[in-house]
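The structures considered in this document are given below.
Both of the next two complexes hold chain A, though its partner changes from chain B to chain C.
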Partner chain A sequence: MTDPVLIVNDLSVTYTVGAGTFYAVSDVSLEIEPGRVIGIVGETGCGKSTLAKAIPRLLPEPPATIGSGSIVFRGTDLVKVGRRQLPMIRGTGIGMIFQEPLNSLNPAFRVYDQLLEAIQIRHYREMGWVKSFQGGERPFDYSKPPDTTTVAGSLSKIIVPSGAAEEAVRDRLATRSQFREEVLSYLRLVRINDPETILNLYPHELSGGMRQRIMIAMALSEKPSLLIADEPTSALDVTIQAQVLTLMKELIDEVQAAILFISHDLGVIAETADEIGVMYAGRIVEYGPVAEVFRDPRHPYTKALLKAAPAHYKSDGPLSSIPGSVPNLSRPPSGCRFHPRCALARDVCKGDTPPLAPVDPAAPPESRHIHRSACYFQSEVPGLP
Partner chain B sequence: MGRSPGDLLIFVLKRLLQLIPVLIGVIVLTFICTHLKLSGLCNAVYPHASKAVIDACNAKYGAPLLPQFVSYITNLLQGNWGASTLGQAVYPAIAADLPATIELVLAALFLMIVIGIPLGVIAAQYGGRWADHLVRIFYLSGWATPTYLGAVLAAVFIGPALGLPTRGEYSTVVPPFPQYTHMSVVDAIIAGNFPYTVDAIEHLILPASVLAFINMGIATRMTRASMLEVLPLDFVRSARMKGLSEFWVMYKHALRNALITTTTVLGVTAGGLLAGTVVIEEVFDWPGIGQYAYDAIGGGGSVANFDGAIAVVIVFAIGVVVANMIADILYGVLDPRVDWR
Partner chain C sequence: MATATSSAPVRRGDHPIVVFWRVLRANPLSLFGFLLVALICIVALIVAVAPHVLVPYGPEQETGLFNAPPSWAHPFGTDGLSFDVYSNVMRALPLDLGLGVGIAGVSLVIGGALGLIAGFYDTPGTLGGYTSVSIMRVTDVFLSFPSLILALAITRVLGPGILNVAIAVIITWWPYYVRLVRGEVLAVKHLPYVTAARAAGVTENRILLRHVLRNVTEPLVVYFTLDIGTVLVTYSTIAYIGVASKYPGPQPEWGAMLAFYQGSAPISSYPWLVLAPGLAVFVTVIAFSLLGDGLRDILDPRTRRAFVRGAAPEPPAERPTPDAPAAEAESDRGEVPVVAPDPGAVA
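Up next, the complex of A and B:
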């Protein structure tokens, strides 16, 4: 396997507000290689968005604090990067699609100008016209994701319609019409039927689904090597949700970036992701290849999630049938945070936090990609009703 | 959604039409307030005048209001705005003085925009930290400075210290070119006279700076407040996520939205500034309408000019109304969600 684009190590994020300290993300570790899709599921408030925004250091600090851990993106620990350097790793480096499509576009600018800006940022970086990120192991080459052989080729071929256009953009100063063509090509990429008209509209003249498509186009147009999609559909109408999801699924195959796909919908993760991380109260409680986790869940919480979800796992509120309530993250339960709701809970569960241990005892414990569960009694989980 | 150039024309024309009833109202109100039958009015206005002047005054202002109003309006519309006690016609004087004041106000507004708005952005960006506090100290000290004190301090200490002129529009009383617009810098530019353009700008700096400094708080505070409203919005985060530097996030994406409110407030303020220049014009010997107003009410020992005073009040009121209208139009232009039709 190629080098990971992103390695998150024991990341902890807290919010300090008047009401106290919220332990929104605790000891989360992840690794994503180019072309791989990692899905994160969890009920509302479990810290998914906090994790997503912590990676490009987009959290408002304060109230958020990255307490410990590292976020190594293409060889650079983003936790240590100064504020002034941060913009340089965003966009062309890390792209993000947000949970809130309705207000994510600037109401004062036309769609065209907002897309053009994104494309220009990438273009200027590729041409070396703006200062590139320093401080990593090597200077940032914005034109290529880290693994040049597999990823760069497919990225440029698919996103920009023809190789000739790509060359032209690279070799000489791109003219207005070339930029315009590129903007149009991205609108077509996200299956917008009448891009010429849409270009001249303001965000308030567009529907929610349309706005989210444009946000997706904007993120893709910068050709990020890591794309974070934070519940890209949950704020949309159900019918629109399905359309945008289909689009996302198609694009995941086309854009060979490393993708972190966040959702509270198990079905979506099952269809899109290679690996799944199940979050509960700020921690990843189970992790592994999607098929394995779905076939043989080894954490009582995952098991309950799967059982609560109706056929083909689709559900809006999968947790209604799990007894007990979501813990308050300002006073998380001791030890295993799931113990107040767990059928298997014993005294030991209230003591130390169970480690994310391999399900197969023979597996190398340091691997980030094997099936692991943070439960002292994971071998008993298959026996649960 | 109507936002084509044609729609904009309709939008502006509508605003102009709406101006008419407001203007009539303003003139009526001003007229009533200034023509109320007060006993001894004429004695008060012209304390040392001859009996003939007092009698003429009484005859003019003692008559019933309605016929007076009709004749006043008729005269006003014909460009006859009355005359001073010494017989100097009001209208030409105001027509010559108002542009100088407008020039002063525009210069002050310019300074408030290029200094006050960025300060407001900085204050919002570093809300609660020392930069925010420094900015607040700056604009509060401007606000707390009495106009007269500020103007005199600038004229006596700052001007000479910086080598800036402190009196009048030009170094010579009458410039060697025709004054078409009665705006000192504009006239010099029209005449193509470079030394005089520089000279006019130098003369403008001090009075405009004092006016701007005193009113800076309006621009800064308004910008700060609306920036604080805009900064937590989702699109600001999207702009950051694009990879834009904090400078562009602030001054392009956030400020563009915050300006919608700030512009409106500045427009309204501009109307008020027109009337706020009286003291500054007097101190800096700026030949504007403020100085005319000061003289008209008998300031500086000049002979009172009642018709002139009324005309000035009307002009100031119109200034406020027109500034409001411009603010309204700018709002419609800046906010793409406003339908022009």
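Up next, the complex of A and C:
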């Protein structure tokens, strides 16, 4: 298997609001390889959006604090990256698709300008006009080691070309029409008909599905090696949701990026992801290949969650729900955070936090891609009603 | 103008001026304000460059008629010193207009810049956070005084003179812009598109200047336009007290004229003397106020686009109407098979 693009180790994120501290994400570990899709599922307020925004360091700090852990993206620990270097990482490696397509496009700019900005950022980094991030063990792929770090330096080389390197720089100097062609190509990539017309429209003139396509095009135009989709379909109605999902699934094969797919919708995750992580109250309580987790859930919460998913062909009786309520993350329950609502809870669950242990006892415990559950009594879960 | 408003099919992407005109035409009051402002500006320019075209008499030129009522030769009559009131009112126009635009403009630039900084870099505990707090506290100090009284006090310190009064008004005026811009920036900077730009790798300074500034411009320009009138009234009030410039003198000014006329002759006997400069202030202020209201529509791409013919393809492809649901419009364009996700199938 290829090297993981992203390794998240024991990541903890807290919010400090007034005197209170909210433990939004606790000890989350993940690994994503290129071309893989990892789905994170959980109910509202379980920390999945915080996780999504913490990886590219998009959380406002303060109030958010990355307390411990590491986020190693292509050899660079993003937790240690300075504030000033963050834009360089975000623009050239990690693409984001957000939840609200209605507000995620700047209302004052036309579609063309929105996409152009993203493409220009990448292009100027490739040109070495804008400084690229060079920290970590190795530089990013597209940021060729810039021999000229200033605009003036690059320009002087273009004006007086001599030698193969300068020729290459001149060849890559895109004109307006080249930028326009590139913008159009990304619009076609996200299956937009008549992109020439769409270019000149403002976001408010587009439907929700169209806007989300533009968002996806924006994220892809930076050629990311990691794409984080934070509930990309939640704000759309079901048919549009299906179209966007189909598009994303097709694009997964085309762009070969690793994808972290965040959703509260089990069906969406089942459709898209290779592996699934179930989050509850800031922790990953169960993890594993999608089919296995759905077929044989080994955490009481996962089991209850699957049971609560409405199925359209069963219309008898009320919908199932989980007793109790989501814990207040400023004072999370001790031990296993699910124990106040769990049918299997015993004294040990109140005292200690169960580790993510492999379901199959014979499996190597260090592997991160096998089915694991954070429950002391995971063997009893299949017996639950 | 006539060709622009004709109903002939317009090619895609009308010229901004054409759109501007259409928006104005849909709001008669704004159109009136705009035409009035345009007229005032043109007249002011002519008076400044070639006064003899519109102004028959010099600022202190005697006509030989004392306190004459309005007539064709003297539209606003003459005063007790036999000066032509109309000529003096007109000669004051470039100065008063320049003061209104200039004072509001300098306040806009100073206050706007400080407001952007205070609103955007307000993370507590950082250098920006301390800067932000400092700016806002200084602003509060200025706002705690009534601006007219403060301006008068500053004029007292600086000494009389047109420029000194202008400086005094600016000193009391910029804090309002700080407040306005900071509030708008705070509202905009947490919107998802700012986060999206950040995620795309746009640097903070560029986000501020390109994404945030563009989206606070709209209320700012509207406020600025309305403010020109307010500044003019404030300046005239200070000038009325007589600290700005002397009337009669080589450079007339409306506030000073008002002050002189209401003291020189009984208003009941010679009402036109006070009426002329007063009307000039009134017309200028109302023109900018009406224009300001209409500007909001012109600056907002949402309303503006409604006046562009042929730019957007017609529904149903672009704007799903109630009878053509969004899903249909989408599938026209998307060409993606509709596959509903089925949670139950896997569970």
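Methods note: the second predicted complex is superposed on the first by the 344 of 385 C-alpha atoms of A that agree within 3 Å, B and C clash if a C-alpha of one lies under 4 Å from a C-alpha of the other, contacts with A are read in each partner's own complex, and residues count from 1 in each chain.
One rule holds in what follows: contacts are C-beta pairs under 8 Å (C-beta built on N, C-alpha and C of every residue); 3 or more make two chains touch, one makes a residue touch a chain.
Everything numeric here is computed off the predicted structure, so don't read it as measured data.
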For this session: Sticking to the clash and touch definitions up top, decide whether chain B and chain C on chain A clash or fit.
Result: clash
For this session: Check whether A:Thr92 is in contact with chain B, with chain C, with both or with neither, and answer first, second, both or neither.
Result: both
Problem set entry | First, second, both or neither for A:Arg180, with chain B first and chain C second | neither
Problem set entry | Residues of chain A touched, compared between chain B and chain C (which is higher) | C
Exercise. Of the partners chain B and chain C, which touch A:His369 in the superposed model: first, second, both, neither?
Worked result: neither
Exercise. Touch check for A:Glu271: first (chain B), second (chain C), both, or neither?
Worked result: second
Exercise. So, A:Gly208: does it touch chain B (first), chain C (second), both, or neither?
Worked result: second
Problem set entry | Steric overlap of chain B with chain C in the superposed model, located at which of 166-174, 184-192 or 238-246 | 238-246
Exercise. Same chain A residues contacting chain B and chain C, which ones?
Worked result: 56, 58, 87-92, 94-96, 98, 100, 103-109, 117-118, 121, 202, 204-205, 215, 218-219, 222
Seminar exercise, completed: In the complex, chain C touches chain A at residues 12-13, 123-125, 191-193, 195-204, 210-211, 214-215, 301-302, 305, 311-313, 318-320, 326-327, 329-347
Problem set entry | Interfacial residue positions of chain A with respect to chain C in the complex | 53, 56, 58, 60, 62, 87-92, 94-96, 98-100, 103-109, 117-118, 121-122, 191-194, 197, 200-202, 204-210, 213, 215, 218-219, 222, 237-243, 245-247, 265-268, 270-271, 290-291, 294, 306, 309-314
Exercise. Which residues of chain A touch chain B in their complex?
Worked result: 56, 58, 83-84, 87-96, 98, 100, 102-110, 117-118, 121, 125, 202, 204-205, 215, 218-219, 222
Seminar exercise, completed: chain B contacts chain A in the complex at 1, 233-235, 237-246, 253, 256-257, 260, 334-337
